[in-house]
């Protein structure tokens, strides 16, 4: 059919993010005029039946229970990694060694050293990388960035950012890899990266941090329903005070015990000439305030997403119809494919994810040492 | 691969809804465990290049500039019609005559007689039909219906419903088929069906109506930028007072000159034991009030969409991530495919669309005759 | 102290509105630089102890159990009437006959003929009248009126208005004067006047109406807890379709069984160049949309009340602190006092209240006769 | 008239808070059945004409340009101080020495030592004190406190609190006493006390703090319009991470350059069984989430203020009508008067204000020393 070059995709994992990636590659290929023809080549999961079922559903040509098969499959040019955080490094390094581009879920890896090793390997190999920061792909976040970068709301002075959910709020939720300091790492590691990525994306590099890590569910059952408990050593709530290189100051909170909250991924950014407020709870709207209007009609304007906010129009030509989470991931895929085809590298590649990780590591160190930690 | 029966899809049209259907068939096939294997067989558009480009992008096997080709294509079992309203009838009747199931965009046809002819033909042929009422497919609307049908908010007494947009608010928008009483039919015909369908879905059959049709932009340019104008004969705003068979009373408004509104598809439903409020502007939330709580903590509860609201979980396993318009259409496709495979017929099949049309025709008659019009 | 002329106030009634008037006269005298010195001269209630307690609390110089005492009290120049609706006429006519200005709660009287008689008497006597439409006194409603009157949002095309509460939603609430067609008159008479007054204030005179009156609680106990019931003959929900003299069209609903609603006094007004949306549920904010902005940042602006919105500043010099219901009534008193001192007559005097009543009477007639009723 | 004991009030100041106190004493006396008869005895302002005009308007019997006159006026039993922060101490100590109860605006004084001296003096003298924390008097905050104290939302784990306004956002606003470290003290001193008071009121004593003070408008004109500037030495934004004695953790921000915000006095409190969210921007509503409901209908409930929330009913017997800032101050006066009459001492007396100040002083110290500061 089209004369576009072919891009074969290998996917590792069939869980929440595995399926999400599968949907995203499908949707991106249909909604956008991508520079390459995406082909879903192979899907790997440690359970062969799960791999087969997912491959069949999501449209992958073949299934395997050995992710290393993807490394030698000539039909695979990019590998998507959606496994638990602790496995990212080994898989990404192997993919890079095999000359494959890599699309990895966040957080990139449990430690900053790992992130850097992965980043260096990818850059040395000249491969494209993309990391799944989801929310940053929202066309309204692109609008926010345009407004900030254009100077429309002046010099950015202060910012407040939150990523709060409640999936760990119930104290009877048992111990898991998320609670293992080595594998998961608490709220800061698991969800903090989302909000740090947003802050870096919109306000720029962080100069120094002052952090606090709090554990409020001190013990959890070793298994669901078990009377035996195990001490929790990671944070339920992470907070940090921030100074940015630009001179702005701010704070963030990552909280996985925020009872009642599903996706309070919020920020408010205050500049000398205006301000912006966003919450993922209402991801199709953003609020903008600008100085200079008469007092009698000053106020925050609520902007609804629409075709004016690219690439919303690729999903729907009419405003107000709403896009959802799956569209955000499809935009992420679009950026990946365009970069592989020679376009600009993704905003949240491994290097950027390492920078995000560097901020989180600084927060962890600051919390441990009770002092400001510089990021240079 | 799977042993599921195959379902070949033929799509007519490549505009807003043509692309939307294409995305929806793709997404439904990937997100759901459908009882049939969906294959995108053929896509027709009067412009062959548009048909080819869309087929290539959306994954259809072939393209044609003659929609009648689909009627004789043995690989096509269901035909999706996304052309202007006035063309629906001819195409649907031809598809039915050819033994194809039909998925048609709303409104089904400009006149009630046409709708009935189409419905009768489909039912006589024993074919499955589905009509694109989009918003009713929202899992939160399913929740609203469950709450109402269960009696949880008591006997429904009163309802208010709105479908307001502003795509015709600018008086310089030129004359088009939408403004032709024969082809489009004004706000009542073009968007009124959405809100009538919602009212019937949630509150049940309408017993009688008292209608008002208002034209506020009396003249429009014959073409964009033209100084020559033509009188507008259709309504910009349609309103009706309603009595339902159940004893409930209510009102609706369909408005396409509601300056500033993109998708104010709203309803509020008041029962003897509680109430519900929804707006498509925030389609991932619905508000529920229930009597019986102490005054000190009574209030409307805002419920966010999540996996508890089927089939949200097929798109995303985590609550609060949001689905969008494209997921609504994928659910519409799911209902269609399940019905073709022998499941329950779609809630908004041709018969139901005819019933919706019957209400709208009654509103038009009532407005013309300035009296209550009974529906039976 | 000051050389201002004295204005003696006589108040009839000690219920909800009696107390509210008492607070309002006190607050107006303290917050505003009124042209007259307000003195709370006498308070009447049929129960002498209630009159005495209220007079003591609210600062009236004396109490009486005979409201006719106020007519001959030389210290009284204005009489405020807060008794049940059916008593307004007799009291107002007596006050007017005695040469007193009158401040009366809404609705002015149960019938249009009564309203007119009261209006004519007051005008013949050259006395000032004011009617308690509360919500119209909101500084943000004044802003809305300014915006509309200035043409800032263009020609007004359509409007939707609601006044919904739930104080009669519980079917066990017993029969009372409110349910008596002669005395109260149902939702249309009791609360409909609020929303009609708002429509006239903002959009202007109504040309014709098409009305519907619905009764949903058909029987009520004759007394609290009684097993004996009595048929309800008045409306629980009143709705009307409207054409305004200006060419705008619209609708309103008055509903006292809107389960969960305390004060849904809402309107949305759509013009050719913009629109306004207000709800009394958030009375310190109003939303404004204006055309002409780039699509990328178009949206409704939420304006918070502040000193820019006169006379907010008389209550609080800082924006965002919020005024409440009592401030609205104090503004009502301010308008009354200024008119008595020779200023502009109140916007909602007896004549305006009669015009409001005329619309409601037309709605009642329209509902009875199932046809459009013209107002002239 | 009544046999209640008399309480003579002396007020110092005629600015924003002077007028507010005057309105509050009037409103409290009329709305509540207070145990004492409030008499507005004397009003002092350094400008005699201002004092006279305010006395006349607000209903005080006499005016003076020497606040010390109040100390010896036998008709004055309680003195209200609404002057700039730096003057509070001298006036309060003098009032206490003269045996007068004291009602003082916040912050109590610029330094913790001053606060303690004032507190000790008042307690030694056995006098009643009240400090103007306004927002805590909201009946919905009382509801929040009841919900928390009852254990209804479980053990409190985390909290986020904000007090953000924009009255200093414009860099052309000139230097003033607010910017003087000795007199005002920046955002932390001027508005931080509001949010610390709220946190203490609802979550309890703070155990330790980690603070950050940021100055973003580094220079301001020495006078309005002047080209000459002066360095700003106080904070525009103050932030702190917190550990509470209860084990909860949290953060707050005080920000007076939050462009677009008038009164973002917000908090969110997360417990093991539920959560609460409030913003002063919508002071008549509060949101409550409770665990234990089915996933399908879980959500935050929006509770509107009404007579169920004492003492709302003293202002208005109907729910949903809204109270405003002036009612909050009237409730503050009510607490003061009841305490003077022998009732419970005000929740925010001088001792509590000193505790609030202790937290702020700890934040300032922490920011200066870049370390956690313990409070005991």
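For clarity, chains are labelled A, B, C and D in written order, and residue numbers in each chain start from 1.
Criterion: a contact is a pair of C-beta atoms (placed from the backbone, for glycine too) under 8 Å apart; a residue touches a chain by one contact, two chains touch by 3 or more.
Remember, it's a predicted structure, so these values are computed and weren't measured experimentally.
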{"item": "Most widely separated chain from chain D, with each centre as the mean of CA atoms", "value": "B"}
{"item": "A-C compared against B-C, more contacting pairs", "value": "B-C"}
{"item": "Between chain C and chain A, distance of the C-alpha-averaged centres to the nearest whole Å", "value": "53"}
{"item": "Chain C and chain D, separation of their C-alpha mean positions in angstrom", "value": "35"}
{"item": "Cα-centroid distance, chain B relative to chain C, in whole angstrom", "value": "41"}
{"item": "Multi-partner residues of chain A (at least 2 other chains)", "value": "261, 298-300, 304, 306, 319"}
{"item": "Chain A-touching residues of chain B, taken from the complex the two chains share", "value": "1-2, 16, 19-20, 22-23, 26-27, 29-31, 33, 56-59, 165, 167, 261-263, 280-284, 304, 306, 315-327"}
{"item": "For the chain A and chain D complex, residues of the former touching the latter", "value": "153, 157-158, 160, 162, 169-171, 210, 212, 214, 216, 236-237, 239, 241, 243, 247-249, 251, 253, 255, 257-261, 268, 270-275, 289, 291, 298-300, 370-372"}
{"item": "Footprint of chain B on chain D - complex, ascending", "value": "143, 147, 285, 288, 294-304, 306-309, 319"}
